[in-house]
Amino acid sequence: MTKHRRAKLAAALAVSALAVTACSAGGGGSGASKPDKPAKFAPGSDISYTKYGSNYPSTTVKDVPGPCSYESISKKDYSGRTLRVISHAVPVMGEPTQLHAKQFAELTGAKVDVVNVPFGELYQKILTPLQAGQPAYDVMFYPSLWIGDMAPYLAPVPQKYLDTAQMKDVTKAYMQVATWNGKVVQYPVDGDRHYLKVRSDIIDSPKWQAAYKAATGKTLEVPKTWEEYQQIAQFFSGKDWSGSGKLNYGSAEVTKRDDLMFSAFISRAAAYAKNPNVKTGFFFDVDTMKPEINNPGFVRALTDFVKAKSTWPPGGANFGLGDEIFSFGGGQTLMSYSWDDAFIQAQQPDSKIRNEVEAAQLPGATQVWNRDTNQWDTPASINQVPYFTWGWTSAVAKDSKQQTMAFDFLCFFSNDANTALDLTIGRFGINPYRNAHFDAAFWEKQGWSKQTAETYVKTLSDMEKSPNRVFDLRVPGVNQYMSSLANGVADAISGQKQPQQALDDVAKEWNDITTQVGKDKVQAAYRNVVALENG
Amino acid sequence: MTLTARGLTLSVEGVDHLRDITLDLRPGRIYTVIGRTLAGKSSLLRVLAGLQRVDAGTLTQDGTDLLQVPVWRRDTAMVYQQFINYPHLNVFDNVAFPLRRAKLSGEQVRLRATESLAKVGLSDFHARKPSQLSGGQQQRVALARALARRCKTLLLDEPLVNLDYKLREQLREEFRELFSGVGDSVVVYTTTETTEAMMLGDEVIVMHEGRIVQTGTPAEVFDAPATTTVAQIINEPPMNIIPGTVTGGRMRLNDLGAVDLPAHLAGLPDGPCQFGLRATDLSLSSSEGLRGDVTFVEISGSETFVHVVIADIPMVVQLEGIHDVSLGDAVLVTIRSDRLFAFSAQGDLLVAPSEQGGR
Amino acid sequence: MSRAYLTFKYAFIAVWASFVAGPFVWALTTSFKDANGVQGGATYLPWVDYKPTTRGWQDIFGGEGGVNVIQPFLNSLQITVLASAISLVLGSLAAYGLSRYTYRIGRMKNADIVFFFVSQRIMPPIVLVIPFFFLLQFAGLLDSIPGLVIVTVALLLPIAVWVMVDFFNNIPREIDEMAMLDGCHPFAAFVRTILPNSLPGITVAAMFCAVFGWNDFFFAFRLTFTEVQTLPQAVVALNSSIPPWWTLSAASLFGISPLVLLAVWVERYLSRGNLAGAVR
Amino acid sequence: MDGMRRYKSMFLLPGLLTLFIIIIFPLLFTIRVSFSGWNVSNPHMDFIGGANFVRMLADHRFWASILRLILLAGGTVLIEYVLGFALALMVWRNVRGQRVWRVLFLVPMMTTPVVMAAIWQTIFNESLGPVNDLLGRVGLPTVQWLTSTGPATVALMTVEIWQWTPFMFLLLLAGLLSLSKEPFMAAAIDGAGPVRTFFKVTFPLMAPVSVTALIIRLIEASKMSDSVYVLTSGGPGSSTETPGYYLYIRGLKEQQTGYAGSLSLTYLVLMIVTLTIVSRLLVRTLKTRTG
């Protein structure tokens, strides 16, 4: 009967539709490596991004010969193979990933699939398949502090890549960041730290110096301590010092709980709680794994943080990194401290405040808590503690079937020509991490003023030299610790809890997290962090 | 080809819809099923159609156990009291639908559908959607579809009940014509209307509370209703039933005085019994008769129905013409005692008046 | 109606209309800005308040940002259409059954079965997503369109059943009986006579399926890796720590445009008044 | 009637089984995982008894989020209902530009919530967004939309109302369009004014549609988390956290799969119980009072 047949046909159609799509999905597939093909680039060719979009700077650099150069990579033939890459959302890190993937595909014939994911999603998006044993990505770009959770699933960087000149130029601190249990498992592509950024045009202006002196009796200069920072920020808040007809404010900070607020808080706490004479850890006492997060140093920092509310622009209590970048980079606020991005943003060629900014070390403290003696120490000079907060890093999955291609991609990504160009594009979020980058001349060539370039380079290289510094909590479960910390800090800022109470609660939660994750595991990992701090 | 039902019984959630229905429905004959609402008429049709399972009983045709044959292989057509057509199809396609299902050739389909639509007078409406037709026309479409199939069994479930009076009369006339052409089919037609049942049926089946209480030709049933219930169902307005007693050749109607039995009831034995009298056999008088109080008056067409209560018994008097009687009036009612039906106290017919033309 | 009421009515409509349109107008104007049009504070009129550029729009079609919304668009389309179709087929069958027959599964009667279907909407996506991950992994369907289709069907089927049960209940049973008397077995009766008369209901169900299928971000995001990117994912991929408001706005407008067209279509049905039975 | 039975199951079973198979595994998985200590550094299905549930009992953030959800969802759905009804009445008949309004009022529900929330985030941006800018222009003080509890809640509700009032509008308008004219004519003949007509005729007739619309919206609102995620991230502090978002933090962001499992299960059970009670109550009050 036709009725029967039609009904069956309908069902069959639905099923076959599924089947067809099932067949068209999938893909990838490995393949034996093919012999080299002729290079598309001559050695030392001029490299520029202009063909990829009209808004890329017209800067041209030379292809630096080496195994990762345009020339060398263009000899490889990866046609018919697929590389799966996960990276952050566009543009920060996401855009360079997309760009270099496109170039890599053009050079080698490989198919490169890139997926971009918002920051808040990256962790679970990478980790869920790794833990489930599902090979989802060959190359992963992620914040370096996750190394403790990621390490078991990562392929160590092969010696051949470690031996390249570009890798050897990576500063000691960033090689350490990439190392886990003695093995380099992350491929450095970015260097990051927190430092202070100020509007030099205002700080240096006689008019404002006089006004500040009149109001506070102090000289207006780049703040050396958090107290000075607060005072200056306070003075400049709610005044139209930029002459734009709109009010300006003192300080832009990352304060959004589930964004990167924990880093801002660590920046503020470093000088109060990292005592150069105490060598047993910043976050924990590494010998007992007792959380130090609620000691008077941290409480002092949180009290400062809460007080700073009055110096923030509207919405400043829910600023993500992007808001902070817009606020300082857009000229709304006088000062800011966090990653390089806001600074580079202010230095973009079309920026209204280009060359009116300057970089400095994070503010310090006149007193620092000593937990061994249970009292505040007053060092001879201001206690200044650089914070090597996480930066972007990259890695190759252990169970990837495309490891060679994956590492080739990363070494191409970070070759000298690409890095030189990437560093100058603010929205890329790629910041100096090789010795070669700490050269004021390089930045002056980009149109930076001498003062801006020199303060920038000096600030960065001084940080590398400091013997007393803070790193992120690079242990398994770091997200739980930081999430709990951010929650406590947010409770204090919103006034739901007093600082001491908030941090006591965090300490309690940290103990629980340590128990859950396994004390030995965390302790072992934290020993490595402590070693870096005193490096 | 006779459709044979034996002991069909159906109850749904404790309510009996059909009780022990036994029938022989012969081809080429039209059966009208009359009964009050919920008497089981629709249930009977649904069982005959195969739309309803039964709890017990058998239904056979040509030796086939019909109860084992699913609806769609029954070769039964049905017309519902709601005008059920396929709303998405136009008139022609509605009629052609079952023909196409039956795999007739395109030509055959066209011929039969056209012919059938012509029969019901819808030749000019082939392309209309049912929703663009009047109620009467919609029901004609349904009928045309049923007729076009020429099936063994044609069931009509109160097809005229939702139409207005005029249309009903008109269609009723046409139905007679239409059914005369159905040949070998068994036609079963349910209705609550006496006139319809009388006019259309070769045989009338009277149903009450799920049972068949009487079958017979219209005249048989009308002239000799088997029980008081049938007498009430088959007459419109229902036959007046008056309790009474017979003693020694005299009868006493309820509390009223005793009179001599009319001639045709002479043989009645003594004891309590019930008398029936059609409304037309009562009249009002100005001088003599039984005293009654008027409780309600309705005038319908050229007739007046006067509801009176005589010695606590409600009765209806049907008068020709329009009469000026009003509520609360005291009237005198005369009865034609030669038209009295006599029933036993249990309601079974004892004696019917001799045939005298009826209606 | 009094004058005061009329004034109030049109004022109310106007206020609500601007509230509804506001975000779209804002997104539209923002999509033509660049950093200078955004960072200085809110700007509205192109040429007057800021200098318009089409950069945001160029970017979403494979421009500089490296985001291309075309493939995600096609993926979303495939998933939505397939999942909606399967849900509508399975959903109308089940709904038809539930409206015409009496079922008993254990202690569950028809009303309880309908509730079982609808209650699946109570399941918070967050509860489902981790198990779904392992389920699809087991079936080898992670990061594939069939995998997403299956998951999406679970989201849409309850909606389809909910809409269709009510709709079928409003179609006289006599129509299917008639069809069976006319020689259709129950399945053919359903396909030939009930379905053609259920277009309004199917429209509503299809609309809900399309809306919930197209707009799903949560599952698509977590059950795919690189192969299958849906449109909402592509838009969210622009939500970086420096959100380029212009690209985000352009991508958002592009992402919601197909369903806005759907609104026009649904309204047409609504005006004809034959959606009525479908949403009771 | 024979032959019918076979078809009976053919209709229901494919859909029922499909849904059952897709849903049953997640449910069983969640139940099982809630008794395990599965987390990021220990991704295994071990057994730790009811430890997760004990921990949950003392988790103030979770219970506060449940309470907040009930108030937030209840409040928003009620406002959506009132607004949706008002709008439906206004464009039901006798209105100029009927079709334009109807389409416009439908559009928001067609848009992708996460995408629109991202747009809303720019709108509520406290220094760069248009809301504060416009407030400033008319001389009103600016509001900390996303950084103080009250305004953040308002912003959240605004987005929810913007997105989902159209759903109410659609259902109620379709309901209105299906009403027959007779009761209205009767009311007009009785000389009832518009207000009386509404309360005596329209509202009672719309009771069944209202109940359905309210229940469906409550079900959907009980899952509220997308807008929270994009707009406020639960902040300031944890003052706009809903259970959906809190679960997201615990389960996905922190990868505490086991603990999140026990939270999920509790949340699910609470929602089913609450929604069942609420829908029974709604059916009873609306249908009996007006029926």
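The first chain written gets the first letter, and so on, giving A, B, C and D; residue counts start at 1 in each chain.
Keep this in mind: contacts are C-beta pairs under 8 Å (C-beta built on N, C-alpha and C of every residue); 3 or more make two chains touch, one makes a residue touch a chain.
The structure displayed is predicted, hence computed values, not measured ones.
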item	value
Other chains in touch with both subunit A and subunit C	D
Pair of chains with maximal C-beta contact number	C-D
From subunit A, the most remote chain by mean C-alpha position	B
Interchain centroid distance [CA atoms averaged], subunit C/subunit D, Å	15
Distance from the mean Cα position of subunit B to that of subunit A, given in whole angstrom	91
Geometric centre distance via CA averages, subunit D-subunit A, whole Å	37
Where subunit B and subunit C are represented by their mean Cα positions, the distance between them in whole Å	55
Shared-contact residues (touching 2 or more other chains) in subunit C	38-39, 41, 130, 134, 184-187, 222, 236, 239, 243
Two or more partner chains touched - positions in subunit D	3-4, 127-128, 132, 252
Overlap residues in subunit A, where contacts from two or more other chains coincide	121, 124, 128, 132, 259, 326, 332
Subunit A contact footprint on subunit C (complex, rising order)	35-36, 38-41, 55, 63-67, 78, 82, 85-86, 89, 130, 133-134, 137, 141-146, 149, 184-185, 187-188, 191-192, 221-222, 224-229, 236-244, 247
In the complex with subunit D, residue positions of subunit A that touch it	120-121, 123-124, 127-128, 131-132, 149, 256-259, 313-318, 323, 326-327, 332, 476-477, 479-480, 483, 487, 490-491, 493-496, 516-518, 521
Interface residues, subunit C side, partner subunit D - complex	1, 5, 9, 12-13, 16-17, 19-24, 26-27, 30, 38-39, 41-42, 44, 90-91, 93-98, 100-101, 103, 113, 116-132, 134-135, 150-151, 153-154, 157-158, 161-162, 185-187, 190, 204, 211, 214-215, 217-218, 222, 231-232, 235-236, 239, 243, 245, 248-249, 251-252, 255-256, 259-260, 262-264, 266-267, 270-271, 273, 275-280
Subunit D to subunit C touching residues, read off their complex	3-4, 7-12, 14-16, 18-19, 22-23, 25-27, 29-30, 33, 83, 86-87, 90-91, 94-95, 98-99, 101-116, 118-120, 122-123, 127-130, 132-134, 162, 166, 170-171, 173-175, 177-178, 194, 208-209, 212, 216, 219-220, 222-223, 225-226, 230, 243-244, 247-248, 251-252, 257, 260-261, 264-265, 267-268, 271-272, 275
Subunit C-touching residues of subunit B, taken from the complex the two chains share	49, 51, 70-74, 76-78, 80, 82, 84, 86-88, 97-98, 101-102, 145, 149
